[in-house]
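Common to both upcoming complexes is subunit A, partnered first by subunit B, then by subunit C.
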Partner chain A sequence: MNEKISICPNFYTRLETTSLLVHKVIDSVKQNKIKKRNLIWFELTGCSGNIISLLDGANPDFKSLATQMVNFIYDNSLMAAEGEDAMEKLFSVIDDDYILAVEGAVSTKNNGLYNIIGRWRGQPVTAYDAIKKFGEKAAYVIAVGTCASDGGISAARPNPAQCVGIQSLLNKKVIKLPGCPCHPDWFMGTLAYIMLFGEPELDSRQRPIMLYSTLIHDICPRRKYFDSGIFASKLGEKTCMFKIGCRGPVTRVDCPVRKWNEGVNWPIEDDSPCIGCAMFGFPDKMEPFISYDTT
Partner chain B sequence: MKNSEILINLINDNLNEINDIIDCLYITPNSCAKNKLLNRLRKNISNITTLVQGLEDSDSTNILQPDTTRIFTEAELSTYNGRNGNPAYVAVNGVVYDITNNAAWGGATHFGLSAGTDVTNQFASCHAGQPVLNKLKVVGKMVE
Partner chain C sequence: MKRVKISPVTRISGFMEIDAIIGNNTVTDAKTEGLLFRGFEKMLEGRSPFDAVYFTQRICGICSAAHSMASTLALEDAFGIIPSQQGRYLRDIIHGCEFLQNHIRHFYQYTAPDFIKLPEGNTLFETNHNDFRLPKQKNDLIVQHYFDSLVYSRNAHEMLAVLGGKAPHNHGVFIGGITSQATQEKILQLRSLLQNIREFICNKMIPDAYTIAEYYEEYFRIGRGYGNLLSFGCFNEYEKLGTLYVNPLAYSGGKIVELNPAEITENIYSSWYIANEDTYTPYQTIPEPDMDKIDAYSWVKAPRYRGLPYEVGPLARMWLCGEYRNGISTMDRTLARVLEAAKIADIILTLLNNVIPGISVQKEYEVPENAKGAGLIDTTRGALGHWMKIENSVISLYQIITPSAWNLSTRSEDNLPGPGEKALIGTIIQNTDSPVEIGRIIRSFDPCVSCATHVYTNGSLIKTMKVVP
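Presenting the complex of A and B:
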């Protein structure tokens, strides 16, 4: 892959897109060309993996995002306020301008009582209520991660809490950033683009084209093995893992270029097939993740 | 005789000639004769390259003119599930396609679907109007 990056300007451009956008926002805020936007981040039915992933953001990092790009109004994992104070802060911006980022699916069973995110003025606030109230009034709604985008693991069989992705509860467009978890660059780049230019160009599944346009298979460093018909028969072999169930050929996102943990590695480079975590239908429709009994 | 059979016969003729020329090369002391034989070898190799290309084109022509002489029952189709060394086939609108090496069918599965099954309805709901099937090799048709 490094060899590819060294010869293909497209890879450089992709890697620098997020960083350029975010730095441009920070500069523009400093120069009063644009205002900081309010950001609300909901953690609904999920594992909170996306907020943890966001904390891993680099160049610029999460601290730059929270202090120089946006007013981080609410996130139950990161904010200092707690209990009703936190909910007061949340509701204080409901009639103001804000961007809503949501991770996790929404539990719909029993009017959403399976997920209560807090109490406000003595009443429980369900995730279902919160997404309806704040989703409709938000300037932009961003589904961060696979659960918010399409239900994901939270909506996997048998889905006892009847979880759904947030788009099915809202009558407005939701920008989807699927991935389990969402790469920090995917979120920060999208947020920065919105602040600078408004809604980014989206594909038919409402994903930003600048991030989700390419199949993993098309830019996979092991593609030459697929083309030559050299396939791994088990994990650990450093050839194409298509025969044991790799979902790279149906998964649109730029993992091979961007990689994870500040660009250290990504699944296929570590001999694990792509399991399609950034595609609709994950995980149920991407199973089996590994299959040894093949041709 | 099918086109592909004619091409295979021609390839075999060329291979036989190559073997004869190699035998001659062993016993010919004359360097001029050796050069002539080497030129004939090059010509044979060129012929084979052209014929192989013809075979590949013939394969793609078969896609446009499906070989529907082979009839599959549901039970037969189910054995072509891409497991235990078997190729992976699926049926769409009564035609059976080979998806063994189709990239989107990793592990002989695709968005929760398995090879060896009739996926007509699922295909219609996802790929209607897309030229997906044109790229697949036809291997037969389903029993009516």
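Presenting the complex of A and C:
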């Protein structure tokens, strides 16, 4: 678990919120109080790093998700079926109840042909088509990661594939979980909340307030260096990295307390600046990531 | 004659279609096509060279550290910086952790479902074939390890994050070595995680791979390809430790030769691009896309060494370093991968034994006004190259040739299929309604199509394709 740093104890309560929610869902499913929901996971125009990050989750882990919380219907990286048979499984639930999780932006160039996710009944299905078809009918749509949320690196200048975040293609509200990648707890907590209570309270950028309400800068363990004007001039230093490019002052997410990979570390503790990967406008508006021009 | 299209090929990273012709139960022709395009090479133009380390990682979420390694090496080459040995040890440990994460996930989550029956009652685990041969007891043991493995691949990422801040998309690998330092506490943490991962690999994963090999014995004779193997080298040429794994080498026609990077080219004859020449070297301009090009069928280009297709990856490395010489086939690739996982664990341990805690390797770096540099290194899936030109202190050209571009390469003018295609052609298909052999062969290459189709595209509609209404 995280080394306790002296900030508001409320934070640690919040840190445990996601795992409490997930366990409540698992118990409720066991006791037949709530039903397992169907889950579809799309890896669209991106790097598939969010499904890998989900596999890194331990709070609880992927097995609990796939066997105790949901009926996991479709995911390109993990499903045993392949080809049209895989697509049949996907389309078999389109008129049923399902929650749609999407990672990756959507390429809009050439009618979406820059990203074909498979063939169904002989015809190619584009990412664009898939999000239109399945997004409108889903009970809830969760944008997992920065690309699905706001375009992210897939939409970086000059945006050769004309990528957009999924909200701009849908007429229903998308719950956004930006981060490159999305932390497994952010997804699991949000999914569990939806299964128990419906849509969580969202901020003006459609992010769950329970996860995205705090500025990194406000709870950064190196804040005292910023306040005293002690700044690092290169990577590897233990002081405030604001002058070499840290985007903590504009990035809202709970990395300083939740940390990554079972809480072992996070970028600032690794003596490198936050690059604002969970922020709207990443990467173009967050660059340069590293700058030695500290004047 | 029957035409089979498998799309999507699941349990790989990214989107891929296989278009195969089957006659007399034999694959007579096969094409591998990548179906995802973003355009990283074009995006990188005009950006700060330092940012390439973090930026290029986003090409691929399963092998992001690989790109941070190649990008950092390209920067060091361009800047004329020779990293300290301590710096190399630390970042090579990060790189090794990525191998472990990948190999464990690839074997259990991606490969095993081709050969073992996963629990019923879960849509995700349902298959469309019935060629499952293991006795129930052995099958169920591997199923148990399928779920157990989640812990160990996760722990490998945890190790990566101890030194690299987070995973995927680490913050650690950088010019000089890594951003942070190793402390005694971190070294102990890494040792303890590594010990458990190594035990899992040796006691569960390797025996499981041999169990599968025993029941699917004909896969030692399926999916050979050309038998041309290539490596850029990795965990090699340390000042004190020498080479712990493999140096840059190539194997063709039964002979191993030293690799000369100047003889690497790319070809776009069958890919949707045009340029003055169909064959060019990595520092030359990136060709323009042309989706109307006749006979082109893939966005993946065709990397060549001395004009020939080469296979890259764990089997190539294990063969070139002399530790695995059983054969070149679908099953040999799988065995080489799990055996390599154990070897990587031992290499990480050796590096950890040589790490001195508390050494910072970071300096203030200055971007040269004009420079160029290449970062060539073997990563999990094989040989990865980043070539970078800097003009007016920003990136003016960035060329990436990935392992999956080697393995899934298209044909050049000589009509030689890429290694993956070559491995499919000639395969006997038992049941043409369910050609399970095709997926098994292609997955043995551990393809990563997110990586392979990172390229800049600007073309028009593909003429022959219709979108589902």
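Assume the second predicted complex is superposed on the first by the 287 of 295 C-alpha atoms of A that agree within 3 Å, B and C clash if a C-alpha of one lies under 4 Å from a C-alpha of the other, contacts with A are read in each partner's own complex, and residues count from 1 in each chain.
Quick note on the criterion: contacts are C-beta pairs under 8 Å (C-beta built on N, C-alpha and C of every residue); 3 or more make two chains touch, one makes a residue touch a chain.
Every value quoted in this text rests on a predicted model; they were computed, and no experiment measured them.
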item: Which of subunit B and subunit C A:236 touches, first, second, both or neither; value: second
item: Touching partner for A:178 - first (subunit B), second (subunit C), both, neither; value: neither
item: Subunit C versus subunit B, contacts on subunit A by residue; value: C
item: Which of subunit B and subunit C A:267 touches, first, second, both or neither; value: second
item: First, second, both or neither for A:63, with subunit B first and subunit C second; value: second
item: Touched partner set for A:165, first subunit B, second subunit C, both or neither; value: neither
item: Contacts of A:281 with subunit B and subunit C, given as first, second, both or neither; value: first
item: Partner chain(s) touched by A:151 [first = subunit B, second = subunit C, both, neither]; value: neither
item: Partner chain in contact with A:200 - subunit B first, subunit C second, else both or neither; value: neither
item: First, second, both or neither for A:76, with subunit B first and subunit C second; value: second
item: Subunit C-contacting residues of subunit A that also contact subunit B; value: 287-288, 290-291
item: Footprint of subunit A on subunit B - complex, ascending; value: 82-88, 100-101, 103-104, 106-112
item: Subunit C-touching residues of subunit A, taken from the complex the two chains share; value: 45-53, 55-58, 61-63, 66-67, 71-87, 89, 107, 110-121, 123-126, 128-129, 152-154, 156-161, 163, 180-181, 233-237, 260-262, 264-267, 269-272, 275, 277, 283, 287-292
item: Interfacial residue positions of subunit A with respect to subunit B in the complex; value: 217, 226, 229, 241-250, 273, 281, 284-288, 290-291, 293-295
item: Contacting residues of subunit C [partner subunit A, same complex]; value: 5-15, 17, 35-39, 42-43, 47-48, 50-51, 54-55, 58-62, 64, 105, 109-110, 113, 118-119, 122-128, 147, 150-151, 153-154, 157-158, 160-169, 171-172, 174, 179-181, 189, 291, 360-366, 439, 450, 456-462, 465-468
